[in-house]
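Before any comments, here is the structure.
Chain nomenclature is as follows: A, B, C, D and E, assigned in order of appearance, with residue numbering initiated at 1 for each chain independently.
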Amino acid sequence: MKKMTERVKQILSGYAGENPGVLTNLARLLDHGTLAGTGKLVILPVDQGVEHGPARSFASNPAAYDPDYLFELAVEAGCNAYAAPLGFLEGGAAGHAGEVPLILKLNNSNSLYESADPISVQTGSVGDALRLGCVGIGYTIYPGSALAGQMYEQLRELTEEAKSVGLVVVVWSYPRGSQLSKEGETAIDVVAYAAQLAAQLGANVIKVKLPSAHLEQDAARKVYQREKIPIETLADRVRHVVQSAFDGKRIVIFSGGGKISDEALLEQIRAIRDGGGFGSIIGRNSFQRPRAQAVKLLRAIMDVYKG
Amino acid sequence: MKKMTERVKQILSGYAGENPGVLTNLARLLDHGTLAGTGKLVILPVDQGVEHGPARSFASNPAAYDPDYLFELAVEAGCNAYAAPLGFLEGGAAGHAGEVPLILKLNNSNSLYESADPISVQTGSVGDALRLGCVGIGYTIYPGSALAGQMYEQLRELTEEAKSVGLVVVVWSYPRGSQLSKEGETAIDVVAYAAQLAAQLGANVIKVKLPSAHLEQDAARKVYQREKIPIETLADRVRHVVQSAFDGKRIVIFSGGGKISDEALLEQIRAIRDGGGFGSIIGRNSFQRPRAQAVKLLRAIMDVYKG
Amino acid sequence: MKKMTERVKQILSGYAGENPGVLTNLARLLDHGTLAGTGKLVILPVDQGVEHGPARSFASNPAAYDPDYLFELAVEAGCNAYAAPLGFLEGGAAGHAGEVPLILKLNNSNSLYESADPISVQTGSVGDALRLGCVGIGYTIYPGSALAGQMYEQLRELTEEAKSVGLVVVVWSYPRGSQLSKEGETAIDVVAYAAQLAAQLGANVIKVKLPSAHLEQDAARKVYQREKIPIETLADRVRHVVQSAFDGKRIVIFSGGGKISDEALLEQIRAIRDGGGFGSIIGRNSFQRPRAQAVKLLRAIMDVYKG
Amino acid sequence: MKKMTERVKQILSGYAGENPGVLTNLARLLDHGTLAGTGKLVILPVDQGVEHGPARSFASNPAAYDPDYLFELAVEAGCNAYAAPLGFLEGGAAGHAGEVPLILKLNNSNSLYESADPISVQTGSVGDALRLGCVGIGYTIYPGSALAGQMYEQLRELTEEAKSVGLVVVVWSYPRGSQLSKEGETAIDVVAYAAQLAAQLGANVIKVKLPSAHLEQDAARKVYQREKIPIETLADRVRHVVQSAFDGKRIVIFSGGGKISDEALLEQIRAIRDGGGFGSIIGRNSFQRPRAQAVKLLRAIMDVYKG
Amino acid sequence: MKKMTERVKQILSGYAGENPGVLTNLARLLDHGTLAGTGKLVILPVDQGVEHGPARSFASNPAAYDPDYLFELAVEAGCNAYAAPLGFLEGGAAGHAGEVPLILKLNNSNSLYESADPISVQTGSVGDALRLGCVGIGYTIYPGSALAGQMYEQLRELTEEAKSVGLVVVVWSYPRGSQLSKEGETAIDVVAYAAQLAAQLGANVIKVKLPSAHLEQDAARKVYQREKIPIETLADRVRHVVQSAFDGKRIVIFSGGGKISDEALLEQIRAIRDGGGFGSIIGRNSFQRPRAQAVKLLRAIMDVYKG
């Protein structure tokens, strides 16, 4: 590992409360792949097999049924990391040891049973992450679910354990629950709140969805209007979310969502960059298309962030 | 133990993420009995005493009330392994030590209380499996049950413990629950999903039911039609399920179901073979008939797989 | 301890899967009291104080309020063992140390709160059984209760712990729950199922109620009729229950139930003997009558079993 | 500590099943204060601050807001012990070390949320009792509550832990729940049942309310009538409750209840004495009146017991 | 650390039951900042980011999005301590090590899901408090919630653990639940009860809301009227609450609540002082205004307490 860039050092300074083990793995994340040293990240996540089932996830590009393919894609595209559930990492971690930083996704949902107040179930452990050579763990919370408390407590325990062995904690913070409207799940006030919650829970890296200009909660709407918080453009909203995560001192990355056109996606990437976002997590828009196309798109995204 | 065949080595290469203890017990499974070295498996499972009660399970062949009988049947027929709950293994493991690889079924259901969202209860431990000389543990999940999360978390803990002491993890993945239709329990999209879930949860060997051509979930149906996934013949469907378990890198075996005619059963076996399935688990079609007939049928099945 | 009889050795051979500690305590049970060496058992159980309250249990023979009395009764009558909850054993175990094998009943119910789906609560531990000098633990399950799974899991943990320290596991298997009719609780199909469940859960000794000729479950009724399983006489039904517990390789004993006439009780005992049952557990018919009468009746019962 | 009296030795002989640590602390309880050596006990309990709130508990005698006051009251009046929750014992245990045996009340209820099926919550530990120099722990069960099972299991665990470190276990057994009438909470059959349950759960000292002549349960009523159990006078009922706790081999004490006239209270004390009760626990009738009056009353009570 | 003042020694004498580690950290709290040695405390708490979301908490003074800002504010204003959840303390504890005593708030609620019977979720641990250099832990209970028992048990465990490693326990005791009216949450009887509960649970420092003259519970109202407890003025009520916390032997501080005018706030502070309260916890009235104004107000508050 080479000397860290000034930008990486600056980012790490926001994590001075962590032990050197966590700092080292954060540095590994920030210093790998095409974006190494820039302070930006593009991560390949593949948990759709669990979330949506195999055919919906992989049939459009059947190579992706194979765990080895996904490691190869992350490596070839120069991603900062590859994040997946236990089975997929077990399937390739030995054969691709050291090729790309790994994040073990410790909990997952599936769509064979669905509930208005969802909970995500633990399917891996900190011990699994260590034996598979990962730099960090990933965990999803659903702020707004009646069962969110169970996830917060489990995340708290896993975070304490993970940090104690030097692993980075990446939190997927996805508002969802019976007291939120569908539109509210991506409302700017709610997404900013989700980022704040993850940061307060001790997350090192926070992943949220791109926020809309909708305002969900009455008490919040009054404040946004009174304080004239700018939320018109996507870049404005990204900036507000990043501010909501300790004034930019926590790494916040944004998810790409479902398959959209390349240009629409790159437009989003530019807004993330302009708003001071730290990067993207690109799943369905990469592994659901043929390898060459996927690599090309991921590189185009990285070009925006480097730009 | 002799040198492994090329086919067994190839299968084991998909498990490079496991420790040598797990690989050794996987090799024991694949290198035992009539099908040793072929990469195919026929396993004798006997948990019907718990699931359906003694008379429904054993009255048609009363010899099977006796735990010793079932060990003898598995040995005589040349099965790769015998899988049963705690009591049945305790009843014969000492007297038949070393004669056949054993799988301790760690959870079970019974039919004295039934619920639309079932859960299977833990009735044995990893420690029990070790003291009884087993090569692996077995565990049932019911994807689609409202209580599935409890089973996933328990399986996760047992899997971590089992693998850490070198035991193979065999998962029975049987979709069932209040949001699934009866027909949906064996729908091709749902069975493929069940196989994917088991693989992602870290299963080394996956057991599913033979899938029908029915498509249960709307979101999945669109994909099967758009991508023209072949599901007309049973062999097609077996092939899709095997692909859904990490592109054939996980051992997937199929259950025989209730008593059917020998010819119908062998027809299924041929489809499993033609679709690239790894073998069968044959319970009621073996222990519910007289010993000689059972052995004859099991050998006929093995002949198909060897063929 | 003297050399075991051939019958005792034969019974123990069915438990070859257990460690020498468990075998030793099983031998102690089978080699104590009037029936020592015969392979038959008569056990004195006194948990009615908890189950029904003190007056209903002891007012008809007030001597039985005193914990010492019950030890004395078991010793004088020559019972194989005395089984009771924590308080009663603590009350006499020191003063009667070594006089009679003890079984600590680890869970209990009471009738101050009742539910259609009952659960029995843990009130003692394996550690308690050891410090009180017991040969085994007792545990009640209610197959058919919506909460049965909690009892199975607790029994599983206690069984693993008990056997690891050489204690015998005695399971009271009493079907009860919202999906069973009152008549169904003692139906032959259900009692046989209860015996099978206990055996599969690892019980060394199984206690069930005497079965009636009623058939509760439709799926079972068809099999009993098709296979012409004899269930007309009580001896037939006892034979079927014993067969259902691993073809006679598990010790199955039967409860006496409420107070009935001596002759009616002895008639039942003869049926148990003729059906191959291993013995009886006689509570209310012994401690609820004056000492001399109780001893006389218990000896008459033992005479039947010796006969 | 001086040589024990014959009466104390006789009482201790009923506890021969306990280890010397528990016997020593029982002896300390029985050999302290005005009633030392008589086999009778008067204990000062102060958990009303938690149960009813501070003003309802202490406003009539504001000195009692102060934790030190309550120690002083117990010492001055010559009580056998002082029982209170964590905060009150922490408030005075150092300053009054060794002055009076202490019982840490390990669970408590409050009246800010009430339910037909109550549960009492753990608010202290065995470790707390040890570090505060206590001779025992106190624990409340509500037999008859739908949640009673949770309290029995928690009591079981705490009892095992407490006895293993030599602490005495005092159980407050207060029937309460949705299947009991208000009158039934103090019905003689129910109070006797409550005493039996506590004894079977391993309690060393049992505290119940004074029973009325009401009979709550149908099945019990028949037995009381058939067996002609005397329950007309309070002394009769006390005698029956004491008999129900292992024929007088467990220490049973009675609560004074709400504030009543001194004469009425002393009348109750005489009945407890005449019925063979072991003593009283006097809370609201002592700390809710001025110190001098309280001491005078407590001494009058002790005089009755000594008489 | 210098020699303690007489007032501090007097306060510490009420905590003689605690170990020297806890006493040391209590002394650190009482001997820091502008009010050092006076026996009064002003603490800066910032958990509103979790409770109300980032914009509602910080948009009016955006500097407060930054964790470092809040440390600087506490230091500059001369607060006795700064209390916050995990993320905010991790964000500044290294950079501001030793500058101000820290209290890690171990549980938190948020407003994305709300319930009539709320529960606060654990989001930090005693281990976290130690690694971050804190003097104590903070924990919120909601007396009156149907789920309060879960919080009491968790607080009990955390308190035992925290004190065993010398950490001070600060309890936020906020009545809330389906059996309390909105007005009742700050009723004098209920707030006094809440203070008593926290004290009995072992809290070293108790934080309650300022009580109104409303009386919520019928049983309490009778006592307040009969005993003529003075509750007309705020100072009266503060005095009663302090009395309810062990007659002034527990440190009780009061929260400032939402943003109000400076004069109104100072009026409250004078009442707290006159009633014998130990100080204030000032959140929204400090961090939601510009730094200079906030420091000025906090100093004015401290002047009242010093006065």
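Quick notes on this one:
Note that in this section contacts are C-beta pairs under 8 Å (C-beta built on N, C-alpha and C of every residue); 3 or more make two chains touch, one makes a residue touch a chain.
Here the structure is a predicted model, which means the values were calculated and not measured.
Common neighbours of subunit A and subunit E, by the contact definition above: there are none.
Annotation of subunit A and subunit B: not jointly contacted by any chain, touch as defined at the top. Different-residue interface: subunit D and subunit E share under half of the residue numbers found at their contact.
Subunit C maps onto subunit D through a rotation of 70 degrees [Cα fit, steps of 5, range 0 to 180]. Chain centres here are Cα means. That of subunit C falls 58 Å from that of subunit E. Centre-to-centre separation of subunit B and subunit C, using mean CA positions: 36 Å. Residues of subunit B in contact with two or more other chains: none. Taken pairwise by the contact criterion, the protein chains form one closed cycle in which every chain touches exactly two others. If you check the complex, the residues on subunit D that touch subunit E are 49-50, 52-56, 59-60, 62, 65-67, 85-95, 108, 110-115, 119, 121-125, 127-128, 132. Remark: subunit B residues 14, 16-18, 117, 143-146, 148-149, 152-153, 156, 160, 175, 177-180, 189-190, 192-193, 195-197, 199-203, 217, 219-220, 223-224, 227, 229, 240, 243-244, 246-247, 249 touch subunit A in the complex.
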